[in-house]
Every structure is written in C-alpha cells, then in structure tokens.
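Note that the chains take the letters A, B, C and D in the order they are written out, and that residue 1 is the start of every chain.
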C-alpha cells in the first residue's frame, strides 16, 4: 500500500443527509481506520453519526490537515467540498450517493475495493479548473466564492426578464434581454448549462461556455471561448428588478444597475481523483441514456 | 507602401458568377495594376471577364506564384480558394459578394481603401485550422479533401436514418441513429453546424464540435472537444442506405458499412487576413441580428 | 361613421409610463373628442397627463361604461387591460408604444387613419381565449387572476430546481425536475414560451402548449394539447423551495408541497380588434426578422 | 366473442422481414384459425413463411376483403399498411416487433390475450387523420400517396440548402433557406418531426405542425396550425438542386423550380385500434425515458 494518503478527511452531504449517506460514511470511517489511516471527519457531516471518539474538524480546515478528502453524496456535495479544499491542493475522491454522478463516480456498494485501489496509488487524477468572480459596484470591488460548475446571473426573487451586456476579453459581444446567463466550466457543462441547451464540453478542454437563458432574441446561441478569456457582464440601467449572481448555486448576491461582474479562471485547480477505469463518455452514456448497442 | 505583396492572385466564385462579382473583380484587377502589382487571375474566374491580356493560371497554382490571394464572393468562394492555397502558406483576403460574410469581410464598395490598407501592411492575420479526413475501408485508405468548415456524414441520395459509432481519441462515445453528424471547426461553427443547433466557437479556440443531425435519441447534444483530438466514425453494419461524407460540402464520397472515417486537424493552417478593425462579435451581431442597444 | 362605439375608454401603461405613451394618449384623447365620442380615461393612466376636465374612472370599471377600450403601450399593457375588461365582453384595440407588438398592432404615427377606420366599422375581430387557474391546497381552493398569455410555475425567490407532476385531463403525463413549467395559450405562444423553446401556435388554434423550463430530463419536449383539456400540476413533496405560480407574470402566489394547480380555458373570450389588413404572419416575420425575399 | 371481425388480414414488414416477425405472424395465423376466423395473408408478407394452404391476396385488396387488419412489425410497417387500407374504413391493430411502438402497441409475448380481448369487442378505437398531397407543376397536377406521419421536403440526392416559400391557407408565412421542411400530423409529431425539434402534439388534436429543418434563419420555429388549414409550399427559382418530396418516407418525387405543393387533411381517417388500457402518455414516458418517480 502506497503511503501518500496517511490522513484522510471525510465529508457527507452538508444539509439534509440521508440514512444511506450516513451508513456509507460510517462504513467508510471504520474501513479506513482498519487500514491504519488517520481519519478526520467534517464536523457538520458527523453530527448525526455515532462514530465514538472520532477526530473532527471544520470543513474548511480539512484541506490543511489531510492528504486526501473523500466525499460521500452527490455531485452537489462534491462541489461544496471542492470549494473548501481547493486552496490546499489536496486531491478529492467522490462516492456517489445522489442523483447524478459525473464527479462522484464510485458506487457505494464497491467502495472497499475502489478505495483500496486508490490507497494503493492506482487511480487517475484530473485537474478541473474553477471560476473566480469579482463584482465591481460603484467603485467597490468584492470577490465571490469560487465555482467549479458555473456562475449564473438570474432575475432573483421576482422573475422578470433582465437586461445586460456581455464582453469577452473586453470585446463587446451583445446586449440582451433574457432570464439570465450561465457561464460554465467544462465540469459545469453537464450540469445546469446542459438543461439550458448548452453543449457538452470535454472535461479537459480549456474553455468556458456562455449559455443565454430564455433569450428574447431567438438567434442567441451558446458561445464557447478560450478558458483564459475573461467574461464581463454589465448590468443594464434599464432593469426593473435587481438581478442576482450565484456561484455553483451558492453565495447569491444582488447586483445593482451598472454593476460589472468579472469572471475568470482561478489559478488553483481542483485535483479530482477517479478509479483507473473511469471514462467520461461512459458516465455520459449512462446518465443521458445514450445507446451503446442498436438492434435492427 | 509595404512590399510584401508583389504578386496578387484573384479568384471569383467558381460556378455561377454574377454581374456584381464580375464587376468587382474587373475593378479590383485594374486597381491592383495601377498600384504596380503583378496580378494573376484564376483561369476559371476570368472566363466571363474581358480583362485584355491579363495573366491567368489554374487555381491550384495560384498559391505557388502569389504573395497574396484575394477572393471576391461569399464565404463559399473563400472556402474553395482556401483549400487551393493552404499548402503554400500564403495569406488570403475576402471581399464580400455573397450571403453571409464571416470570412469575406470587406465590403465591395470600400475595397479600394481597405485593400490599400492591407497592401500598406495594416491588417490583422488570423490562423484558422482545417480538418483532414481519411477513409479506411476494408484495408484500403484514402485521403479526402481538406475542410475549413466541416466534415459532414449524411444518408446520401436516399434520405434515411443512418447508424454509426463515434469515438474521440479512440474512446467510444456512443452508437447512434440520426440523419448524420457534423464535425466542425471553430470557423465552421457559424456555418452549417449553427443551423443544426451547435454552439458558436470563438474562432481562435483550439476545439472541434460534433453536432448530431436529427438524432433519434433526444438526449443527444453537441460535444466540444480539444482540437487535437482525433474523431473516428464507424459506419454500422445495420445501415440500409450507403451514407456519404463530404468536406466543406464538396468531395462527396460514399462510405460503406464497416468503413472508418478518421478526422483530425491538418498541420498547415490557413492565413486569413482581415482589416485592422475586424471584430468577430461585430460580424456575429450583424449577421444574426443581435441587438446592441435596447430601449425601454 | 358607425355608431357602435359611442363611449371609448383609454388606458396607458400602468407603471412607468413614458413621454411617448403620454403624448399618444393626449393626442388620441383630443382626436376622439373631436370625433364626438365620450371618452373615459383610466384614472391610473391619466395621472401624469394634463387633459383638462376629462372623465376618469377606475380601470376595472371601464368595461362596464365603454363600448370600446383603446390601449396605448406594449403587449404587456394590453395584457393588463384585457384582464380588466374581458368580463364585460367589450372589444379592445391596441396602439403600439412598446417592444413587441403582437397584440398592439397600430403604429402610433398612423393612429388617426386607423382609428377612424375602426370607428367606421372597418376592422377585424378575433376571439382570444384566456386561462383560469385554481389552486387547491390542503382542502382550500382559491382562484387566481386570468391569463391571456400564460400560467408559469417557477422556483420563486430562491432559484432551485423544482419537482412536480403534470396531468392532462387527469391522465398522468410525467413527474419532472425542472426550473418550472409554462402553460401558454396561442396568444402566449409568441411571448415567454417562445423564448423557452416552445412552438408558435396559430392564434386561432384551439390548443394549449406546455413548455418545460430547463428540464433535467433532456428528452422533455413541449406538448400541445386540445384547448379544452384541463392541465393539472401537482407540487411534489420533495421540494426544498416553495415554488410560485403566476398568471401573465402577475398575481404571484406561493404553492406549497402537495398543492394542486388546475388550469383550464376561461368561458369568456377576449374580443381583440385589428385593422382590416392585419396579418399574423406579417407581424411574425417583422418581429422575428424572417426573410421575405431572398437573393442569390 | 363478438362477431364483428370475421375475416382478418395479416401484414408483416414489407421488406427485410425478421425471424421474430415471421414467428409472430405464423403463431398469430394459427391462433386466429383456431378462433374460427377467416385469415387472409398479405402475399408479400407470406413469402418467407410456410403456412400451408393459407389464403393470400395483394396488400391493397386486404381492405376490401377483411373486417380487421393486424400488422406485425414496427411503426413503419403499420404506416405502410395504414395507407393500403384507409380507403376501406376498416380498423387496424398493431403488434410491435420493431424499434418504437407508438402505433404498434401490443407486445408480441402477450398477443393471444390482447387479440382475444379485441376479438371480444374490448378495445379503444382512435381516429387518426392522414395528409393528402398534390403537386402542381407548370399546369399539370399530380396526387401523391397519403401520409399518416408526415410530408417532407428535402434537397434530394445532393445535400444542399434549398429555398422555398410557405403559405398557410393562402397567407404567406415566409421564404426560407433550409435543409427542408417537415409537415407532420399529430401521429407524425412523435416520429421524424420530434428529432427535428418539433413539439409533441396530442394524438387527437386537430392540428398540423410545420418544422423547418436546419433553417438558415435562426429565429425560425415550428408552427402549429389548425388541422383544416391547407399548407402550400412553393419551390423557389433560386434553387441549384432539385428538391424532392416524400410522404411517410415513401413515394419520393422531384419537385422543380416553381412547383407548388399543396398539403391538406385527407377526408378518410384511419381507424386505429388499441387495447383498452392504452395510454399515449404512458407510451411516451416509456419511449422517451421520462421519469415517473423521482427519489430525493
């Protein structure tokens, strides 16, 4: 067994845990102790578990204390965990206990075998980039939380078409009225952006996709640009509602008329771990019901 | 005036020229002679013109004899010219006399001023990549013509759903029944692929997009992959028609059951010249009727 | 001049009137008085005007006191007016001072000629149906305001996928997770539903269209059903947010878990008046930028 | 057992029958004889079977000689059979041995029980309308075969954008360049038109849908019109290829420049028989993979 992962952090679903998540967390906790690992539980995830005298810490300290973090839950749980550990450059592994599993691709029934392989150094590591967003409002600037999936502009509480201008690397793209705009990473291209009519981006493509939501101009289309380009959204003076912006569906913030939102690639990447036999297109086929064999 | 463009080749629309194209070609021919340039006409484009004793040559020799080629026509004319000169690494400039003008972006009424600027060295040069396609059928291989826009698989003469498998860098993506598949470059993403529901790719993005045509599986979506990835299409044994493949709408070829089609980036790039003030998004707004100013 | 329209009501934009609307309202007011008509202004619309001692009344009394109501504004203004007068079975005419004009199709510059024609009995009358919505929550029922365009289910303040079941004439259609659902009339099919990917319904088609918004299941599609069918939406117990429902973007109301929303055609129709030469497809071509002549 | 179906016709797949179809046809043939029915086989379908001295006739005579026709195959087989019997006003029943089964909804494993129920008078009968198409070319008129699904205009052998004008009840809709146009019945709305982005029409809606194929104008959208409206397509003079028209994918015919294609509802309806428990939305859910139960 390789020695690179001595201390392992465990995270479950942050809110609304389920019996299945709890059972897998408990089993995994015991399994790792038996393998001689130091195990540190995210305090929030441990609340409903009876793990005896296990070591606990705050989620955002896990990165500093662990060599590996394992998340039990759905892709949403992994998103939250990823934002918490990305600064510390430690890898993350997901065990699927939710709806879709593009990020959490270990089946809970197989976790012993799969986690053993990872501990033995047999795994694939992918680098996924995140988005960092800053909001410039009347001379003041503010940094929003990171996004592994997407940054989304919406009308906020009172559904209403909103108006905004988009710029790519300071080049004006268009001014539009729409329900909003999704700016997604390749990771996010199979999440919300896909429901909105966006294309699937290969996970290792260095690109962003801008997907207009219910655009008033019917010839609007998703635009895919270089991952190093900066996206700027300017909130129009004509809006009758105050739009809001969110990162991975979290950190909602109102953006006033005249606000500028700057979105660009974060310097630090997420280190995402998969089993050796992981295959993006296989997950895609499975999740989207694509056919593999056709009969006459 | 810069001296880099001493000999200039002229090309019009290959088939079905129009009076407007002919008038612009004639005017441009005279204008360049007055500027002291050697001018060589594409023989096919010169047929309907009365240019006196002008120098003519075959289109595919223009690249070897010229420092610059100017095309008068639509994007389709430029596609054809581009495939003829790309091997020689000489730049190409388009004067628009057709429908859409993503590639041919000089207005015919302004050509004197714009061409003078280019001759003086004031221009933008873009590198656009092309696709090279090989067909492997029962042990024999064959190279198709290059494509600046797209390689398209269709049912051929007898419209009928066809069946094929797609691979990206030898990873199986899916097996599907559809009217066909478009594999487009960023240049081609604003052409046929856009009508088919594909996203717009920024022209300098190093990526390809695969757009399924009328797919039987409703969850099929366009996929954007790294421009260096090789796309492989395998024609299924179940087909009741013999599909055909084409490059930029040309060079149609039947592909039998069991055929493999390999599509990858060509080594040589096209050197495409634009006026200094060229702006992709401005062309896009203009062509797609996107709004720039909205009124309350 | 025909005598059928003796008393005429005038309505402008309810909120945020503009100078242009006010100018047209004032001119129209004078014009109708000169034609010997009794003119009654909607009190809300008259506030910013100086019309001397004009007759005013509340908007929802206009229907009882007038033979015709003229709306100056955009389609949104006409929607609001329509809901106010539909019970009284009096016709409504729109003069366009807004964005889109599917309903308000008289150009303000031509209003004298066009209104004169209408007063002389030269016009087309269309019947447009509305939707009536009732909400059944834990034994209590409540009727919402009418909708000429659409009834829309959304996540409300906190954007989040919602879950619901749809029934058509009590036949179960599906259970889905989505951003929401639009149930639109033919009138509404060219409004919000069109941005959402819905088809255009001919205005006199007796049908409804259900358009899922950003559905999680990618094979979801708009469904067009008989206009006499009742649509039932049941809010799932799994929702983590409380969705809301609105009629023509107004009358928002929260709908709790377990709520049933029943949507069906209202008995009373709106009598919508157009100039004799009105043509739906001509408006469509104009608004959507469809081509009428193509050149080679 | 009800006596209304004394003589029953049997049809398989017209071309490329399969062992499974043949087996079901043979079993069904024996089963009906045992039930005391007169059974007449379609001569084309009987060729590969060894049914002893069974009664044969041409497919298009089956309608005159039978009280009921049973088709074994996929929806394509039923389409072909439907066009053959619709004139005679006899009902048709489908046993599914193909891909999709919107029309052929009896499972081959259950056919004895299901067919017995139908023979006993326990079934649902639906009326599905067909389209009749006439082509007017330079003074000559010609009637095409009927279509239960759709009439489709395509570029024919040489894929190329085509140009045409569309009229609805003699009102000009638009002139467009596209890969073609699908005019579909509600029955056809779940077939080819669905792959092309058309909406699902409830089977008993009296409406047609026009779906543009890969339209050059990006704001083109499917249009749903009253089923009694006549659709007229005029082939533009600008075409460089000769488009072709087909009905249910059959009866292809070239349509020259200037040709007018008139499409309208056929007077005679198809009588389509389903088991008592048939439910359109249930088939839809099954075929499109729509969810019925969602888990948190």
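In the analysis below, a contact is a pair of C-beta atoms (placed from the backbone, for glycine too) under 8 Å apart; a residue touches a chain by one contact, two chains touch by 3 or more.
This is a predicted model, so every value here is computed, not measured.
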Task: Sort out for me whether A-C or A-D is joined by the greater number of C-beta contact pairs.
output: A-C
Statement: At the largest C-alpha centroid distance from chain D we find chain A
Task: Please report how many Å separate the Cα centroid of chain C from that of chain D, as a whole number.
output: 37
Statement: Note: chain C sits from chain A at a C-alpha centroid distance in Å of 40
Euclidean distance of C-alpha centroids - chain A vs chain D, Å: 46
Statement: Each of the following residues of chain A touches two or more other chains, namely 16, 194, 217-219, 221, 288-289, 296
- request: Select the category (line, ring, star, complete, other) that matches the graph of chains linked by touching.
  value: complete
Field: In the complex with chain D, residue positions of chain B that touch it
entry: 16, 152, 154, 156-160, 178-179, 192, 194-197, 213-216, 218-219, 240, 246, 249, 252, 288-289
Field: chain A-touching residues of chain D, taken from the complex the two chains share
entry: 16, 18, 217-219, 221, 289, 296
Statement: Listed in rising order, the residues of chain A that touch chain B in the complex are 163, 168, 171-177, 194, 198-202, 204-205, 207, 209, 217, 219-226, 229, 236, 238, 279-282, 284-285, 288-294, 296
